[in-house]
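Notes follow once the structure below has been shown.
Chain IDs A, B and C follow the sequence of writing; residue 1 opens each chain.
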Amino acid sequence: MKALKQSQMKKLEIIVQGEYQEFVVDLLDRAGVSGWTLVHNLSGKGSHGSHEGHLMFNADDVLVMIITAVPEDLAGPILEGLTPFFNKHMGVVFTSDISVTRLGKFQQPAPGQ
Amino acid sequence: MKALKQSQMKKLEIIVQGEYQEFVVDLLDRAGVSGWTLVHNLSGKGSHGSHEGHLMFNADDVLVMIITAVPEDLAGPILEGLTPFFNKHMGVVFTSDISVTRLGKFQQPAPGQ
Amino acid sequence: MKALKQSQMKKLEIIVQGEYQEFVVDLLDRAGVSGWTLVHNLSGKGSHGSHEGHLMFNADDVLVMIITAVPEDLAGPILEGLTPFFNKHMGVVFTSDISVTRLGKFQQPAPGQ
């Protein structure tokens, strides 16, 4: 039995319109992120207007939150990779410090982190 | 193309019964909060009993989480504004430090923050 | 009217397959955790493969996130209690520092915390 490992990582919470979910997930995949979780059917209000998540027949207006944990040196490049997207589309990214308890589910932090 | 900006802010996660969603959102609006995200259909257990989110025919018992990011000097007044509510109703607020990457979606932090 | 209290606590976000929701909640209950919130119908991708939350007819593959706030000295024992589970099952735990505003909904921190 392996012991649980705690790693200091950056948690990204990326909130976008549901129709752009695959774009974000593809970007994470290409950045080498091996795990993420999706929260569906969010509502939100931002400077681009209100978005109501419960209108299931109008799914394009539903927001999703993509949660992932990445080594600190990967957070910056991912945020930069999202810049052109956020210049055109509604959304926001929350970044915070977390410990991740895992069994090899996330990319290893670089040595020294 | 604008560059993404990182701002240090306070993330508030406000969990209340769904029927009080509008009360909280109105309070945030009046406090000058320009963006928030709603997670619907949560279940929870607190000291006031258990609440099961999947009973969609009993929507009053469903919990919601209202996520927002505010400048640090706005967090205290919002929490104080919620005090009378939490004296009467079930719920909890989690406050944490985050960086927000955005394009003018959230209120500007006051100078010096 | 009671004043709101702020407590420094550890937030745990435990993401597991929906069929193990009760196992985790039972473990939290036995650890003395008095409050938690469940986010249902998550999707995710981890090293064990992809899990798509919107296939409601295949509910066993849906993920849930159990959010709780615990005193710091309780976080370690809970994570250790989850170790055998995570040796066998997909999932992850995010741990972060938060302030909790509450009215006696969560277990009191031990003196000196």
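The rule is short, and it goes like this: a contact is a pair of C-beta atoms (placed from the backbone, for glycine too) under 8 Å apart; a residue touches a chain by one contact, two chains touch by 3 or more.
Heads up on the chains, UniProt names are A, B, C = Transcriptional regulator.
Since the model is a prediction, treat every value here as computed from it, not as a measurement.
Asks: Copies chain A (Transcriptional regulator) and chain B (Transcriptional regulator) touch; is their interface built from the same residue numbers (over half shared) or different ones?
Replies: Copies use mostly different positions to touch.
Asks: I'd like the angle of the rotation relating chain A (Transcriptional regulator) and chain C (Transcriptional regulator) after CA superposition, in degrees, nearest 5.
Replies: Superposing chain A (Transcriptional regulator) on chain C (Transcriptional regulator) takes a rotation of 120 degrees, nearest 5.
Asks: Rounded to the nearest whole Å, what is the centre-to-centre distance of chain A (Transcriptional regulator) and chain B (Transcriptional regulator), using the mean of the C-alpha atoms as each centre?
Replies: That gives a centre separation of 19 Å.
Asks: Identify all positions of chain A (Transcriptional regulator) at which a residue touches two or more other chains, and write them in rising order.
Replies: In chain A (Transcriptional regulator), the residues touching two or more other chains are 39, 41, 96-97.
Asks: Which chain A (Transcriptional regulator) residues qualify as touching chain B (Transcriptional regulator) in the complex?
Replies: It comes out as residues 15, 39, 41-48, 53-54, 63, 65, 79-80, 82-84, 86-87, 90, 92-97.
Asks: Please name which positions on chain A (Transcriptional regulator) make contact with chain C (Transcriptional regulator) in the complex.
Replies: 1-4, 6, 11, 25, 34-41, 69, 96-106
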